[in-house]
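One structure coming up, written as structure tokens, with questions to follow.
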Amino acid sequence: MSSRKSLHIALIGAGRIGSFHAESIARRIPNARLVAVADPAPGAARRLADTLDCEVAHTDPTALWSDPDVDAVLIATPARFHTPLAEAAANAGKHVFCEKPMALTIAEADRVIAAAAANGVQLQVGFNRRWDRAFAEGRAAIDAGKVGTPQLLRSLTRDPGPFRADPAKIPLWTIFFETLIHDFDTLLWLNAGARPVEVHAMADALVRPDAKAGGHLDTAVVTIRFDNGALAVAEANFCATYGYDIRGEVFGSGGMVTMGDVQRSSLRLFDGSGVSSDTWRLDTHHFVDAYTAQIQHFVDVVLQRVEARGPTGAHARAALAVALACIESVKLGRSVALSEVVSP
Amino acid sequence: MSSRKSLHIALIGAGRIGSFHAESIARRIPNARLVAVADPAPGAARRLADTLDCEVAHTDPTALWSDPDVDAVLIATPARFHTPLAEAAANAGKHVFCEKPMALTIAEADRVIAAAAANGVQLQVGFNRRWDRAFAEGRAAIDAGKVGTPQLLRSLTRDPGPFRADPAKIPLWTIFFETLIHDFDTLLWLNAGARPVEVHAMADALVRPDAKAGGHLDTAVVTIRFDNGALAVAEANFCATYGYDIRGEVFGSGGMVTMGDVQRSSLRLFDGSGVSSDTWRLDTHHFVDAYTAQIQHFVDVVLQRVEARGPTGAHARAALAVALACIESVKLGRSVALSEVVSP
Amino acid sequence: MSSRKSLHIALIGAGRIGSFHAESIARRIPNARLVAVADPAPGAARRLADTLDCEVAHTDPTALWSDPDVDAVLIATPARFHTPLAEAAANAGKHVFCEKPMALTIAEADRVIAAAAANGVQLQVGFNRRWDRAFAEGRAAIDAGKVGTPQLLRSLTRDPGPFRADPAKIPLWTIFFETLIHDFDTLLWLNAGARPVEVHAMADALVRPDAKAGGHLDTAVVTIRFDNGALAVAEANFCATYGYDIRGEVFGSGGMVTMGDVQRSSLRLFDGSGVSSDTWRLDTHHFVDAYTAQIQHFVDVVLQRVEARGPTGAHARAALAVALACIESVKLGRSVALSEVVSP
Amino acid sequence: MSSRKSLHIALIGAGRIGSFHAESIARRIPNARLVAVADPAPGAARRLADTLDCEVAHTDPTALWSDPDVDAVLIATPARFHTPLAEAAANAGKHVFCEKPMALTIAEADRVIAAAAANGVQLQVGFNRRWDRAFAEGRAAIDAGKVGTPQLLRSLTRDPGPFRADPAKIPLWTIFFETLIHDFDTLLWLNAGARPVEVHAMADALVRPDAKAGGHLDTAVVTIRFDNGALAVAEANFCATYGYDIRGEVFGSGGMVTMGDVQRSSLRLFDGSGVSSDTWRLDTHHFVDAYTAQIQHFVDVVLQRVEARGPTGAHARAALAVALACIESVKLGRSVALSEVVSP
């Protein structure tokens, strides 16, 4: 592989976001090549591979471990498979780009981190928000001291409606493990150098109250206290009628930065109803550049041209700890110290 | 009058804007008092006076000239009466606040200016835009050198639709004399110290093409060249479906300022249609503070507490000259030098 | 009084906000008259009265109770005097406009409410945010069903820096009693018809960490759960370098409204540093219209022309209950049910 | 070529924008391949080719005509070479993507159009603004009737300062031929179906007044009257201190659309100076997506997958006619009919 000009990547998981990543690899990243697709659903891998001129398709991802044409894997399966696949891939010497959440327990996270370290492979996690222009510029402004010491932070995720999924098929605690995990990583990343110490969460089923009895939660507000004093709020909801809404705010002793706008372009329409603009409806539209940039970076790191600065296993573990504390907080109805869910 | 704590003002012209000004005098300006209303339409003055607890109403404005209870007049009649009323009021020793346009010919303008000077009365013209917060701050920024030397300016007026007036009852050239006169004053005021030297105008009846044969014009674009090199565009239309649209822009060697927003408040609504905001529908809503501030200033000047800094007869004359040059330009189909319509 | 055309109001408390209100009464509200000023500080009432052409000044506010020229009082003293003054004024038959907080305990709130009811006087509380154009339009949009059922709300207050006060002179819990009380009222008012059931608060001294030992708190994040399921966040900080920042957000099943903008006007400056706008630096600038509108409404209600729709003693009591629950939450380090601090 | 999966493109002109396009071809467009670079400057083609892993470099572009590995050329030379190169390439059977302006006279434009038609090759012109998301959405809104019949249009170009070029080396009339040509195309495209009938231009050397004697012009305002009555303003300046400013506005009988924002991302910084945002400093940053999309479209058209909808030789000719009328207008000091410079 060392002499290759392009990184050969296999995709595992040919669902919505996996297919999008495959297309990024095949079409938007010049020095990457999609060399295989794996998905247990009959025909799914084959169909995706065909549309992207990729020859190899598997129903069993373990077939990739021994394939010398595969330099790296991108894991975009349902969350519960992330850990075993990431660990196995690392142990097979493959570089790993893993969608969030990398793991659902601290022990799992530790296993993936250890496997990557032991095998000397890159391990990057899909916290795409870091690669968005506004969020990246926001972090740079914070690093440059433009907001002083952070005191109040906010990060929110609102998925676009209508909400059509069957709540019964959504794993418990998804709002923390899969949705707010983005906001936890964002807050930890923006409040760089500080560590979360205490978490309080309120959550409910407001979009689908009928599904609450089954444990489904679709709306949550989380407060986090950091060891530098900063207080942060993370907020999520599964059904924003107006589209995909991702925003961040960092207020500090010296000022504030805000990031994120649901407005899709600079187009404004003025008519009898007033002034209006279209909004982002899909993450893959809003964050197409961020989604591409994170994989581009992964590729460039592996091809050894640049220093790794993407989110790693350790970042995934830190965000996971906040999610676990949130779940405890909801269960216990009180604030939870991070030290209750993870040893430092 | 010298010992009065409130300025006693008589309104002449009880139409839409006159009634609004009367209400400002009676209700929004503590040191002013509405002491009389005059309007030739039977009952119009009486009805307005009654709603504002004003006792005196006339159908003949000349009754005001000899009334010692009247310190000042606010002239808000149809434009063709502005000059004779302003001149007569000044000659009667009354201070004059005159709605735009103060005059329709340079000779008329000179007569009003001379009468005010001869009688030592204040003469202020209703160029309200100067008193809007954003425009005032824009001029201050320009004065502070923040845009450097102006090079490109823009001012526009779009009246809110639907257009319901009968074009046959609108005087010829109204778009220049009554609408764009605001923009001409704004441009001359923002490009402070420079003088317009050349004007080119294109105009048409696009809102009511059927009225074009009668000479009605409802849409115009004017280019002005100033003696400091700056090029300015003024633009007007009588029917903006989205409301009342007033904007200004000054671009210079050091930067740019923009002023004006049709958005009515900071409220934004996000729903299935995207993001939207309400717009200003009426000048008297958008500019309620500016309309009040200009009369407040007039009152304070007359009561001798502050130095006059409002638009005067000379400013009205300068804006009128641009309007006259526009009319020539439309008639002749070519650029017109200011020197063709007015001696400096 | 019944035959008066203007409401005669006495101000109690000639500090910063009291002086501003006095000026509103004297200059911005045509059918109100400032007839007396009371303040215990030697000379303070007299000095303010003189600047506003008001003849009567007292150092003892109780002198107002028997003055037949006083129809109503506006109480703008330090918070701890609000309850006794409001109660005494009501018992003297004076209408009461009371700055927030109206009371510091539920028992106190009940006493003021009872006194107003027993004496048949109006009681309005200074929750000025309700009178801001954007917030009022936001509530109207919610009432019109444009956001559906509220699910996530946000209200924040950030006072303009620099923070110059002596923390030792600020009463304990001021951030809840005097600052966030605005946000609590705003949230209860926007989530109309719902009742808060549970509160969680995190607070700290981040602006002045040296003052924390003395109990001073300057930064807080509060989460509120309502009985309609909605989750709300209120947030405050005493030192925003960029000025006075008041924002609101209501997200629901049908959409979202956002209210509040720190940008002072539509002026935008473009230069080598990018695009910039000025911000609001003072509440009395940002909310001059809202401050005036609330007193205007009070006056109009008493003069019997309009139905009362301003915040009453009951609203002050409801917001106070949230503040009390916050204080318990901070003391106990856990969520607090509203039922723990107030009987329904 | 018919069986190729990638379009083989040769770049002619390895200057700033040519190099950027070469990079787009090599890195951002998966089904295109950069197969050669030609530039007469010694070493220029070689250096660029090397950075992009392209093997072939020429100092003489005519070497490309007979190269069977070249399917298409992208012409990014100085403007005066566009016509001969485009014509020769078409006659050699190469598809042509030509930077604006395609020609400097109507006769030249006709020659290129004829050569492309005679040889059955694609001819697309680099009017990149059409491919910007906001402008494309604006045109779609107009097509959907959302602004009704266009009445007032505006398009502007302000190049980012500081202005460092030597005016003596800039060809005469560049502001019309190379800068405003973008705005003319944009206006003609947005006011779809209408034809320009009359043009008036004012231009000056305000950025570099010292260069005016040499004929250099850096600031211009153009008014265009269309045969559907619409009046349009195009405006340009060579030195905007705040960056690259491209905006469009179409006002019509039913509403208005505005397009373009100098703000670079959604990041906003709030500090002691107010609120600020960064601006776009370079066209290749602001329009990276538009620049890529136009070449992507060209490639897709040639590879026969999609119908051609990009700007063609006829569009280049139409925009050129406006530029020629502007030049006449400046020379003659009067409005110029389009019929004076081109037969329909």
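Note that the chains take the letters A, B, C and D in the order they are written out, and that residue 1 is the start of every chain.
Here is the rule we use: contacts are C-beta pairs under 8 Å (C-beta built on N, C-alpha and C of every residue); 3 or more make two chains touch, one makes a residue touch a chain.
Chain by chain, the UniProt names read as follows: A, B, C, D = Myo-inositol 2-dehydrogenase/D-chiro-inositol 1-dehydrogenase.
What you see is a predicted model, and the numbers here were worked out from it, not measured in a lab.
Can you check which chain pair, B-D or A-B, has more C-beta pairs in contact?
Looking at B-D and A-B side by side, B-D shows more C-beta contacts.
Among the chains, which is located farthest from subunit C on the basis of C-alpha centroids?
Greatest centre separation from subunit C goes to chain D.
Based only on mean CA positions, could you tell me how far subunit B sits from subunit D in angstrom?
Averaging C-alpha atoms per chain gives centres 41 Å apart.
Indicate the whole-number Å distance between the mean C-alpha point of subunit A and the mean C-alpha point of subunit B.
57
What are the residues of subunit C that contact at least two other chains?
240-242, 245, 254-256, 264, 270-272, 278 - these are the residues of subunit C that touch more than one other chain.
Per the contact definition, I'd like the list of subunit D residues that touch subunit B in the complex.
Spelled out, the residues of subunit D in touch with subunit B are 148-149, 151-152, 158, 198, 200, 202, 204, 206-207, 209, 219-221, 223, 225, 229-231, 233, 235, 237, 239-242, 245, 251, 253-256, 333-335.
So in the complex, the part of subunit C that touches subunit B is made up of which residues?
So the residues of subunit C touching subunit B come out as 26-28, 30, 133-134, 137-138, 141, 146-147, 254-261, 264-272, 278.
Would you mind writing out the residues of subunit A in touch with subunit B in their complex?
Spelled out, the residues of subunit A in touch with subunit B are 240-243, 245, 262-264, 270-279.
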